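For reference, the structure I am asking about is given below.
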(Lines give C-alpha, C1' and ligand atoms only; values in the text may rest on other atoms or scores of the structure.)
Protein backbone atom coordinates (compact mmCIF):
# COMPACT_ATOMS: atom_id res chain seq x y z
CA UNK A 1 0.00 0.00 0.00
CA UNK A 2 2.90 2.41 0.66
CA UNK A 3 3.64 2.59 -3.08
CA UNK A 4 0.11 3.66 -3.92
CA UNK A 5 0.08 6.73 -1.67
CA UNK A 6 -0.74 9.59 -4.06
CA UNK A 7 1.43 12.31 -2.52
CA UNK A 8 5.09 12.54 -1.57
CA UNK A 9 5.89 10.58 1.61
CA UNK A 10 8.53 13.19 2.53
CA UNK A 11 11.98 12.37 3.79
CA UNK A 12 10.86 9.23 5.65
CA UNK A 13 12.75 5.98 5.05
CA UNK A 14 10.05 4.04 3.21
CA UNK A 15 11.67 0.66 3.75
CA UNK A 16 12.04 1.16 7.54
CA UNK A 17 8.48 2.47 7.69
CA UNK A 18 7.11 -0.57 5.86
CA UNK A 19 9.05 -2.94 8.08
CA UNK A 20 7.80 -1.21 11.21
CA UNK A 21 4.14 -1.34 10.12
CA UNK A 22 4.53 -5.05 9.42
CA UNK A 23 6.31 -5.67 12.73
CA UNK A 24 3.54 -3.86 14.65
CA UNK A 25 0.78 -5.95 13.08
CA UNK A 26 2.65 -9.24 13.56
CA UNK A 27 3.53 -8.40 17.16
CA UNK A 28 -0.02 -7.31 17.91
CA UNK A 29 -1.35 -10.63 16.67
CA UNK A 30 1.37 -12.65 18.43
CA UNK A 31 0.61 -10.91 21.73
CA UNK A 32 -3.15 -11.50 21.43
CA UNK A 33 -2.48 -15.19 20.72
CA UNK A 34 0.15 -15.49 23.47
CA UNK A 35 -2.23 -14.00 26.05
CA UNK A 36 -4.82 -16.58 25.03
CA UNK A 37 -2.33 -19.47 25.03
CA UNK A 38 -1.13 -18.44 28.51
CA UNK A 39 -4.78 -18.41 29.60
CA UNK A 40 -5.05 -22.02 28.48
CA UNK A 41 -1.99 -23.25 30.40
CA UNK A 42 -2.58 -25.25 33.59
CA UNK A 43 -0.17 -22.90 35.35
CA UNK A 44 -2.13 -19.79 34.30
CA UNK A 45 -1.85 -18.39 37.83
CA UNK A 46 1.89 -17.93 37.27
CA UNK A 47 1.38 -16.21 33.92
CA UNK A 48 -0.92 -13.33 34.89
CA UNK A 49 1.75 -10.64 34.49
CA UNK A 50 2.62 -12.12 31.09
CA UNK A 51 -1.04 -12.03 29.99
CA UNK A 52 -1.47 -8.45 31.11
CA UNK A 53 1.68 -7.28 29.33
CA UNK A 54 0.62 -9.20 26.21
CA UNK A 55 -2.73 -7.38 26.22
CA UNK A 56 -1.12 -3.96 26.59
CA UNK A 57 1.38 -4.81 23.87
CA UNK A 58 -1.36 -5.98 21.49
CA UNK A 59 -3.37 -2.77 21.98
CA UNK A 60 -0.41 -0.44 21.54
CA UNK A 61 1.09 -2.35 18.58
CA UNK A 62 -2.20 -2.26 16.67
CA UNK A 63 -2.80 1.44 17.31
CA UNK A 64 0.83 2.24 16.41
CA UNK A 65 0.51 0.23 13.18
CA UNK A 66 -2.52 2.36 12.30
CA UNK A 67 -0.77 5.65 13.10
CA UNK A 68 2.19 4.60 10.92
CA UNK A 69 -0.17 3.67 8.07
CA UNK A 70 -1.25 7.33 7.79
CA UNK A 71 0.88 9.91 5.97
CA UNK A 72 -1.53 12.79 5.36
CA UNK A 73 -0.91 15.78 7.63
CA UNK A 74 2.12 14.10 9.19
CA UNK A 75 3.11 15.27 12.69
CA UNK A 76 6.51 14.05 13.89
CA UNK A 77 5.59 14.51 17.57
CA UNK A 78 2.62 12.17 17.29
CA UNK A 79 4.56 9.52 15.38
CA UNK A 80 7.55 9.73 17.74
CA UNK A 81 5.34 9.45 20.83
CA UNK A 82 3.55 6.41 19.41
CA UNK A 83 6.84 4.73 18.47
CA UNK A 84 8.40 5.38 21.88
CA UNK A 85 5.35 3.98 23.63
CA UNK A 86 5.38 0.95 21.33
CA UNK A 87 9.10 0.31 21.85
CA UNK A 88 8.59 0.52 25.64
CA UNK A 89 5.74 -1.99 25.74
CA UNK A 90 7.49 -4.34 23.28
CA UNK A 91 10.58 -4.30 25.51
CA UNK A 92 8.47 -5.01 28.61
CA UNK A 93 6.61 -7.83 26.87
CA UNK A 94 9.77 -9.37 25.40
CA UNK A 95 11.46 -9.25 28.82
CA UNK A 96 8.47 -10.96 30.42
CA UNK A 97 7.91 -13.58 27.70
CA UNK A 98 11.61 -14.47 27.69
CA UNK A 99 11.36 -15.61 31.30
CA UNK A 100 8.82 -18.24 30.13
CA UNK A 101 10.40 -19.05 26.76
CA UNK A 102 12.02 -22.28 27.91
CA UNK A 103 8.72 -23.67 29.08
CA UNK A 104 6.19 -22.27 26.60
CA UNK A 105 6.63 -22.18 22.82
CA UNK A 106 4.09 -19.35 22.48
CA UNK A 107 6.12 -17.15 24.83
CA UNK A 108 9.28 -17.93 22.82
CA UNK A 109 7.68 -16.98 19.50
CA UNK A 110 6.03 -13.94 21.06
CA UNK A 111 9.28 -12.71 22.65
CA UNK A 112 10.96 -12.83 19.24
CA UNK A 113 8.10 -10.90 17.68
CA UNK A 114 8.28 -8.27 20.44
CA UNK A 115 12.07 -7.87 20.02
CA UNK A 116 11.67 -7.42 16.26
CA UNK A 117 8.99 -4.79 16.80
CA UNK A 118 10.99 -3.01 19.52
CA UNK A 119 13.97 -2.88 17.12
CA UNK A 120 11.84 -1.72 14.18
CA UNK A 121 10.35 1.09 16.34
CA UNK A 122 13.77 2.19 17.56
CA UNK A 123 15.17 2.09 14.01
CA UNK A 124 12.34 4.26 12.78
CA UNK A 125 12.72 6.71 15.69
CA UNK A 126 16.40 7.05 14.75
CA UNK A 127 15.47 7.55 11.09
CA UNK A 128 12.98 10.30 12.03
CA UNK A 129 15.86 12.29 13.52
CA UNK B 1 1.38 -18.94 16.80
CA UNK B 2 -1.46 -21.40 16.09
CA UNK B 3 0.94 -24.33 16.45
CA UNK B 4 2.04 -23.26 19.91
CA UNK B 5 -1.45 -23.24 21.44
CA UNK B 6 -1.15 -25.63 24.39
CA UNK B 7 -4.60 -27.24 24.24
CA UNK B 8 -6.61 -28.93 21.50
CA UNK B 9 -8.02 -26.44 18.98
CA UNK B 10 -11.09 -28.65 18.56
CA UNK B 11 -12.65 -29.50 15.23
CA UNK B 12 -11.78 -26.14 13.64
CA UNK B 13 -9.98 -26.17 10.27
CA UNK B 14 -6.59 -24.82 11.37
CA UNK B 15 -5.49 -23.86 7.88
CA UNK B 16 -8.67 -21.87 7.15
CA UNK B 17 -8.43 -20.25 10.58
CA UNK B 18 -4.83 -19.18 10.01
CA UNK B 19 -5.65 -17.79 6.57
CA UNK B 20 -8.59 -15.83 7.95
CA UNK B 21 -6.54 -14.27 10.77
CA UNK B 22 -3.92 -13.21 8.22
CA UNK B 23 -6.55 -11.86 5.83
CA UNK B 24 -8.17 -9.80 8.63
CA UNK B 25 -4.88 -8.18 9.63
CA UNK B 26 -3.85 -7.43 6.04
CA UNK B 27 -7.27 -6.05 5.18
CA UNK B 28 -7.35 -3.93 8.33
CA UNK B 29 -4.02 -2.36 7.40
CA UNK B 30 -4.96 -1.92 3.74
CA UNK B 31 -8.19 -0.14 4.74
CA UNK B 32 -6.41 2.20 7.17
CA UNK B 33 -3.90 3.06 4.45
CA UNK B 34 -6.57 3.42 1.75
CA UNK B 35 -8.60 5.81 3.92
CA UNK B 36 -5.48 7.92 4.37
CA UNK B 37 -4.55 7.78 0.67
CA UNK B 38 -8.10 8.85 -0.28
CA UNK B 39 -7.75 11.72 2.18
CA UNK B 40 -4.68 12.86 0.29
CA UNK B 41 -6.32 12.84 -3.17
CA UNK B 42 -7.28 16.20 -4.70
CA UNK B 43 -10.75 14.78 -5.31
CA UNK B 44 -11.22 13.81 -1.63
CA UNK B 45 -14.74 15.28 -1.68
CA UNK B 46 -15.80 12.46 -4.02
CA UNK B 47 -14.21 9.78 -1.81
CA UNK B 48 -15.89 10.43 1.52
CA UNK B 49 -18.07 7.31 1.40
CA UNK B 50 -14.98 5.28 0.53
CA UNK B 51 -13.05 6.72 3.48
CA UNK B 52 -15.89 6.00 5.87
CA UNK B 53 -16.29 2.42 4.71
CA UNK B 54 -12.51 1.95 4.90
CA UNK B 55 -12.54 3.10 8.52
CA UNK B 56 -15.38 0.77 9.48
CA UNK B 57 -13.68 -2.10 7.68
CA UNK B 58 -10.35 -1.42 9.43
CA UNK B 59 -11.99 -1.41 12.87
CA UNK B 60 -14.01 -4.58 12.29
CA UNK B 61 -11.17 -6.50 10.60
CA UNK B 62 -8.77 -5.79 13.46
CA UNK B 63 -11.28 -6.77 16.14
CA UNK B 64 -12.25 -9.91 14.20
CA UNK B 65 -8.58 -10.86 13.81
CA UNK B 66 -8.24 -10.60 17.59
CA UNK B 67 -11.35 -12.69 18.28
CA UNK B 68 -10.07 -15.38 15.88
CA UNK B 69 -6.67 -15.38 17.61
CA UNK B 70 -8.31 -16.61 20.81
CA UNK B 71 -9.21 -20.29 21.31
CA UNK B 72 -9.72 -20.58 25.06
CA UNK B 73 -13.38 -20.89 26.06
CA UNK B 74 -14.49 -20.94 22.42
CA UNK B 75 -18.07 -19.83 21.73
CA UNK B 76 -19.29 -20.51 18.17
CA UNK B 77 -21.98 -17.79 18.39
CA UNK B 78 -19.42 -15.09 19.13
CA UNK B 79 -17.06 -16.24 16.38
CA UNK B 80 -19.85 -16.60 13.82
CA UNK B 81 -21.26 -13.15 14.62
CA UNK B 82 -17.83 -11.56 14.27
CA UNK B 83 -17.18 -13.36 10.96
CA UNK B 84 -20.57 -12.39 9.51
CA UNK B 85 -20.05 -8.76 10.50
CA UNK B 86 -16.54 -8.85 8.99
CA UNK B 87 -17.73 -10.45 5.74
CA UNK B 88 -20.48 -7.78 5.45
CA UNK B 89 -18.12 -4.83 5.90
CA UNK B 90 -15.47 -6.37 3.62
CA UNK B 91 -18.12 -6.79 0.90
CA UNK B 92 -19.30 -3.20 1.34
CA UNK B 93 -15.72 -1.87 1.25
CA UNK B 94 -14.73 -3.99 -1.77
CA UNK B 95 -17.87 -2.85 -3.64
CA UNK B 96 -17.06 0.80 -2.90
CA UNK B 97 -13.31 0.60 -3.60
CA UNK B 98 -13.94 -1.21 -6.89
CA UNK B 99 -15.82 1.81 -8.19
CA UNK B 100 -12.58 3.82 -7.77
CA UNK B 101 -10.13 1.08 -8.76
CA UNK B 102 -9.52 2.37 -12.28
CA UNK B 103 -8.52 5.76 -11.01
CA UNK B 104 -6.75 5.01 -7.72
CA UNK B 105 -4.17 2.27 -7.21
CA UNK B 106 -4.80 2.23 -3.43
CA UNK B 107 -8.49 1.49 -3.99
CA UNK B 108 -7.56 -1.33 -6.40
CA UNK B 109 -5.18 -2.97 -3.91
CA UNK B 110 -7.60 -2.40 -1.03
CA UNK B 111 -10.56 -3.91 -2.95
CA UNK B 112 -8.52 -7.06 -3.57
CA UNK B 113 -7.62 -7.26 0.10
CA UNK B 114 -11.28 -6.82 1.09
CA UNK B 115 -12.43 -9.55 -1.34
CA UNK B 116 -9.80 -11.96 0.03
CA UNK B 117 -10.93 -11.24 3.59
CA UNK B 118 -14.63 -11.52 2.69
CA UNK B 119 -13.89 -14.91 1.09
CA UNK B 120 -11.76 -16.08 4.03
CA UNK B 121 -14.55 -15.13 6.48
CA UNK B 122 -17.21 -16.90 4.42
CA UNK B 123 -14.98 -20.00 4.08
CA UNK B 124 -14.48 -20.10 7.83
CA UNK B 125 -18.20 -19.61 8.51
CA UNK B 126 -18.90 -22.60 6.24
CA UNK B 127 -16.22 -24.63 8.02
CA UNK B 128 -17.76 -23.82 11.43
CA UNK B 129 -20.96 -25.51 10.29
CA UNK C 1 -21.13 15.14 19.31
CA UNK C 2 -24.27 13.82 17.55
CA UNK C 3 -25.79 17.34 17.56
CA UNK C 4 -22.80 18.84 15.79
CA UNK C 5 -22.93 16.53 12.77
CA UNK C 6 -23.21 18.93 9.81
CA UNK C 7 -25.53 16.90 7.58
CA UNK C 8 -28.88 15.20 8.11
CA UNK C 9 -28.62 12.01 10.16
CA UNK C 10 -31.48 10.49 8.15
CA UNK C 11 -34.32 8.55 9.66
CA UNK C 12 -32.23 7.08 12.48
CA UNK C 13 -33.52 7.39 16.05
CA UNK C 14 -30.92 9.81 17.42
CA UNK C 15 -31.69 9.07 21.05
CA UNK C 16 -31.36 5.27 20.60
CA UNK C 17 -28.17 5.81 18.60
CA UNK C 18 -26.62 8.00 21.29
CA UNK C 19 -27.54 5.50 24.02
CA UNK C 20 -26.05 2.64 22.04
CA UNK C 21 -22.74 4.45 21.42
CA UNK C 22 -22.52 5.20 25.16
CA UNK C 23 -23.40 1.61 26.08
CA UNK C 24 -20.72 0.23 23.74
CA UNK C 25 -17.98 2.40 25.22
CA UNK C 26 -18.99 1.68 28.82
CA UNK C 27 -19.28 -2.04 28.15
CA UNK C 28 -15.93 -2.12 26.34
CA UNK C 29 -14.25 -0.51 29.34
CA UNK C 30 -16.07 -2.70 31.86
CA UNK C 31 -15.01 -5.84 29.98
CA UNK C 32 -11.35 -4.76 29.79
CA UNK C 33 -11.40 -4.06 33.53
CA UNK C 34 -13.28 -7.29 34.35
CA UNK C 35 -10.78 -9.38 32.38
CA UNK C 36 -7.99 -7.77 34.37
CA UNK C 37 -9.78 -8.17 37.71
CA UNK C 38 -10.41 -11.87 36.93
CA UNK C 39 -6.71 -12.18 36.16
CA UNK C 40 -5.94 -10.90 39.62
CA UNK C 41 -8.22 -13.36 41.45
CA UNK C 42 -6.60 -16.29 43.26
CA UNK C 43 -9.02 -18.60 41.43
CA UNK C 44 -7.99 -17.27 38.00
CA UNK C 45 -7.82 -20.84 36.66
CA UNK C 46 -11.61 -21.08 37.01
CA UNK C 47 -12.15 -17.75 35.23
CA UNK C 48 -10.33 -18.32 31.93
CA UNK C 49 -13.50 -18.57 29.85
CA UNK C 50 -14.75 -15.38 31.49
CA UNK C 51 -11.49 -13.55 30.67
CA UNK C 52 -11.58 -14.68 27.06
CA UNK C 53 -15.20 -13.63 26.57
CA UNK C 54 -14.44 -10.30 28.27
CA UNK C 55 -11.60 -9.68 25.80
CA UNK C 56 -13.76 -10.49 22.77
CA UNK C 57 -16.55 -8.31 24.13
CA UNK C 58 -14.17 -5.39 24.74
CA UNK C 59 -12.80 -5.58 21.18
CA UNK C 60 -16.21 -5.83 19.51
CA UNK C 61 -17.87 -3.17 21.70
CA UNK C 62 -15.14 -0.63 20.96
CA UNK C 63 -15.18 -1.27 17.21
CA UNK C 64 -19.00 -1.15 17.18
CA UNK C 65 -18.96 2.13 19.11
CA UNK C 66 -16.67 3.54 16.41
CA UNK C 67 -18.85 2.29 13.55
CA UNK C 68 -21.92 3.85 15.21
CA UNK C 69 -20.07 7.16 15.65
CA UNK C 70 -19.82 7.53 11.85
CA UNK C 71 -22.76 8.77 9.77
CA UNK C 72 -21.17 9.76 6.46
CA UNK C 73 -21.91 7.31 3.64
CA UNK C 74 -24.15 5.23 5.91
CA UNK C 75 -24.62 1.56 4.92
CA UNK C 76 -27.37 -0.27 6.84
CA UNK C 77 -25.82 -3.69 6.16
CA UNK C 78 -22.55 -2.73 7.83
CA UNK C 79 -24.29 -1.16 10.83
CA UNK C 80 -26.69 -4.09 11.24
CA UNK C 81 -23.86 -6.65 11.03
CA UNK C 82 -21.84 -4.79 13.64
CA UNK C 83 -24.84 -4.48 15.98
CA UNK C 84 -25.76 -8.17 15.65
CA UNK C 85 -22.17 -9.21 16.37
CA UNK C 86 -22.07 -6.84 19.36
CA UNK C 87 -25.41 -8.10 20.74
CA UNK C 88 -24.16 -11.70 20.42
CA UNK C 89 -20.91 -11.12 22.29
CA UNK C 90 -22.62 -9.00 24.96
CA UNK C 91 -25.12 -11.81 25.55
CA UNK C 92 -22.31 -14.38 25.78
CA UNK C 93 -20.31 -12.21 28.17
CA UNK C 94 -23.33 -11.37 30.34
CA UNK C 95 -24.28 -15.08 30.54
CA UNK C 96 -20.72 -15.96 31.59
CA UNK C 97 -20.22 -13.09 34.05
CA UNK C 98 -23.59 -13.80 35.69
CA UNK C 99 -22.36 -17.24 36.74
CA UNK C 100 -19.62 -15.49 38.79
CA UNK C 101 -21.68 -12.49 39.91
CA UNK C 102 -22.33 -13.81 43.41
CA UNK C 103 -18.64 -14.25 44.08
CA UNK C 104 -17.04 -11.37 42.20
CA UNK C 105 -18.25 -7.75 42.23
CA UNK C 106 -16.48 -7.01 38.95
CA UNK C 107 -18.39 -9.78 37.18
CA UNK C 108 -21.66 -8.45 38.63
CA UNK C 109 -21.01 -4.90 37.39
CA UNK C 110 -19.71 -6.19 34.05
CA UNK C 111 -22.75 -8.45 33.50
CA UNK C 112 -25.05 -5.45 34.00
CA UNK C 113 -23.02 -3.41 31.55
CA UNK C 114 -23.16 -6.25 28.98
CA UNK C 115 -26.95 -6.63 29.38
CA UNK C 116 -27.44 -2.89 28.89
CA UNK C 117 -25.31 -2.95 25.75
CA UNK C 118 -27.02 -6.07 24.40
CA UNK C 119 -30.38 -4.34 24.91
CA UNK C 120 -29.20 -1.09 23.34
CA UNK C 121 -27.90 -2.98 20.28
CA UNK C 122 -31.15 -4.92 19.90
CA UNK C 123 -33.20 -1.72 20.30
CA UNK C 124 -31.17 -0.02 17.61
CA UNK C 125 -31.44 -3.03 15.28
CA UNK C 126 -35.23 -2.88 15.70
CA UNK C 127 -35.20 0.87 15.03
CA UNK C 128 -33.17 0.38 11.83
CA UNK C 129 -36.03 -1.72 10.44
CA UNK D 1 -15.12 -0.90 38.05
CA UNK D 2 -12.05 0.47 39.86
CA UNK D 3 -13.68 -0.25 43.24
CA UNK D 4 -14.24 -3.92 42.39
CA UNK D 5 -10.58 -4.71 41.64
CA UNK D 6 -9.77 -7.57 44.03
CA UNK D 7 -6.18 -6.67 44.87
CA UNK D 8 -4.47 -3.53 46.11
CA UNK D 9 -4.16 -0.87 43.41
CA UNK D 10 -0.87 0.27 44.95
CA UNK D 11 0.12 3.88 45.48
CA UNK D 12 -1.72 5.14 42.41
CA UNK D 13 -4.14 8.07 42.80
CA UNK D 14 -7.42 6.24 42.17
CA UNK D 15 -9.40 9.42 41.47
CA UNK D 16 -6.89 10.71 38.89
CA UNK D 17 -6.76 7.25 37.32
CA UNK D 18 -10.55 7.02 37.02
CA UNK D 19 -10.74 10.52 35.52
CA UNK D 20 -8.05 9.69 32.99
CA UNK D 21 -9.75 6.45 31.86
CA UNK D 22 -13.00 8.38 31.38
CA UNK D 23 -11.25 11.21 29.52
CA UNK D 24 -9.54 8.72 27.17
CA UNK D 25 -12.81 7.02 26.25
CA UNK D 26 -14.70 10.29 25.76
CA UNK D 27 -11.88 11.79 23.70
CA UNK D 28 -11.59 8.64 21.59
CA UNK D 29 -15.29 8.80 20.76
CA UNK D 30 -15.23 12.56 20.15
CA UNK D 31 -12.30 12.19 17.74
CA UNK D 32 -13.97 9.37 15.79
CA UNK D 33 -17.13 11.47 15.49
CA UNK D 34 -15.20 14.67 14.61
CA UNK D 35 -13.29 12.85 11.83
CA UNK D 36 -16.61 11.71 10.42
CA UNK D 37 -18.25 15.14 10.76
CA UNK D 38 -15.25 16.76 9.00
CA UNK D 39 -15.67 14.18 6.23
CA UNK D 40 -19.23 15.36 5.79
CA UNK D 41 -18.37 19.08 5.49
CA UNK D 42 -18.46 20.65 2.01
CA UNK D 43 -14.96 22.00 2.70
CA UNK D 44 -13.56 18.55 3.52
CA UNK D 45 -10.50 19.27 1.35
CA UNK D 46 -9.39 21.86 3.92
CA UNK D 47 -9.92 19.48 6.84
CA UNK D 48 -7.74 16.52 5.82
CA UNK D 49 -5.05 17.20 8.44
CA UNK D 50 -7.79 17.51 11.07
CA UNK D 51 -9.31 14.16 10.04
CA UNK D 52 -5.95 12.41 10.11
CA UNK D 53 -5.08 13.77 13.55
CA UNK D 54 -8.56 12.84 14.80
CA UNK D 55 -8.02 9.25 13.65
CA UNK D 56 -4.62 8.98 15.34
CA UNK D 57 -6.04 10.50 18.51
CA UNK D 58 -9.00 8.08 18.51
CA UNK D 59 -6.71 5.05 18.15
CA UNK D 60 -4.25 6.14 20.82
CA UNK D 61 -6.93 7.30 23.31
CA UNK D 62 -8.79 3.97 23.10
CA UNK D 63 -5.62 1.88 23.51
CA UNK D 64 -4.45 4.11 26.38
CA UNK D 65 -7.85 3.77 28.07
CA UNK D 66 -7.46 -0.01 27.88
CA UNK D 67 -3.90 0.04 29.27
CA UNK D 68 -5.08 2.22 32.18
CA UNK D 69 -7.98 -0.17 32.86
CA UNK D 70 -5.49 -2.93 33.74
CA UNK D 71 -3.79 -3.11 37.13
CA UNK D 72 -2.46 -6.67 37.29
CA UNK D 73 1.31 -6.89 36.80
CA UNK D 74 1.63 -3.11 36.66
CA UNK D 75 4.69 -1.73 34.84
CA UNK D 76 5.26 2.02 35.27
CA UNK D 77 7.33 2.27 32.07
CA UNK D 78 4.48 0.93 29.94
CA UNK D 79 1.88 3.19 31.58
CA UNK D 80 4.11 6.26 31.38
CA UNK D 81 4.91 5.63 27.70
CA UNK D 82 1.23 5.22 26.85
CA UNK D 83 0.28 8.39 28.77
CA UNK D 84 3.04 10.47 27.13
CA UNK D 85 1.99 9.28 23.69
CA UNK D 86 -1.65 10.04 24.50
CA UNK D 87 -0.86 13.51 25.85
CA UNK D 88 1.16 14.25 22.67
CA UNK D 89 -1.59 13.24 20.26
CA UNK D 90 -4.30 14.99 22.33
CA UNK D 91 -2.25 18.20 22.22
CA UNK D 92 -1.76 17.87 18.46
CA UNK D 93 -5.46 17.20 17.90
CA UNK D 94 -6.59 20.02 20.20
CA UNK D 95 -4.23 22.45 18.45
CA UNK D 96 -5.58 21.42 15.04
CA UNK D 97 -9.27 21.37 16.02
CA UNK D 98 -8.98 24.78 17.69
CA UNK D 99 -8.07 26.33 14.35
CA UNK D 100 -11.48 25.20 13.04
CA UNK D 101 -13.47 25.75 16.24
CA UNK D 102 -15.04 29.04 15.15
CA UNK D 103 -16.43 27.46 12.00
CA UNK D 104 -17.31 23.91 13.09
CA UNK D 105 -19.11 22.95 16.30
CA UNK D 106 -17.72 19.40 16.18
CA UNK D 107 -14.15 20.72 16.15
CA UNK D 108 -14.95 23.00 19.11
CA UNK D 109 -16.39 20.15 21.19
CA UNK D 110 -13.59 17.81 20.12
CA UNK D 111 -10.86 20.33 20.97
CA UNK D 112 -12.29 20.64 24.50
CA UNK D 113 -12.35 16.86 24.86
CA UNK D 114 -8.73 16.62 23.67
CA UNK D 115 -7.58 19.33 26.11
CA UNK D 116 -9.33 17.55 29.00
CA UNK D 117 -7.65 14.28 28.05
CA UNK D 118 -4.24 15.90 27.56
CA UNK D 119 -4.57 17.44 31.04
CA UNK D 120 -5.77 14.17 32.60
CA UNK D 121 -2.81 12.31 31.09
CA UNK D 122 -0.32 14.93 32.28
CA UNK D 123 -1.88 14.92 35.77
CA UNK D 124 -1.56 11.15 35.96
CA UNK D 125 2.05 11.21 34.69
CA UNK D 126 2.83 13.71 37.49
CA UNK D 127 1.06 11.49 40.03
CA UNK D 128 3.08 8.44 38.91
CA UNK D 129 6.27 10.30 39.90
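For reference, chains read A, B, C and D in written order, and residue numbers begin at 1 within each chain.
By definition in this document, a residue touches a chain if its C-beta (ideal position, glycine included) is under 8 Å from a C-beta of that chain, and two chains touch if they have at least 3 such contacts.
In UniProt terms the chains read A, B, C, D = Four-helix bundle copper-binding protein.
Remember, predicted model here, so these are calculated numbers, not experimental data.
Trainee: What are the mutual neighbours of chain B and chain C in this structure?
Mentor: A, D
Trainee: On C-alpha atoms alone, could you tell me the rotation angle mapping chain A onto chain D? Nearest 5 degrees is fine.
Mentor: 180
Trainee: Would you mind telling me which chain pair, A-C or C-D, is linked by more contacting C-beta pairs?
Mentor: C-D
Trainee: List the interface residue numbers of chain A and of chain B, divide the shared ones by all numbers used, and answer same when the ratio is over half, different when under half.
Mentor: same
Trainee: Taking the mean of the C-alpha atoms as each chain's centre, how many Å separate chain C from chain D?
Mentor: 20
Trainee: Roughly how many whole angstrom separate the Cα centroids of chain A and chain C?
Mentor: 26
Trainee: For chain C, write out the residues touching at least two other chains, lowest number first.
Mentor: 36, 39-40, 48, 51-52, 55, 62, 66, 70, 72
Trainee: Which of the residues in chain A come into contact with chain C in the complex?
Mentor: For chain A paired with chain C, touching residues are 35-36, 39-40, 42, 44-45, 48, 51-52, 55.
Trainee: Residues of chain B touching chain C in their complex?
Mentor: My answer: residues 48-53, 55-56, 59-60, 62-63, 66-67, 70, 72-73, 75, 77-78, 80-82, 84-85, 87-89, 91-92, 96.
Trainee: Which residues of chain A touch chain B in their complex?
Mentor: Residues 1-7, 21, 25, 28-30, 32-34, 36-37, 39-41, 58, 62, 65-66, 69-72, 104-106, 108-110.
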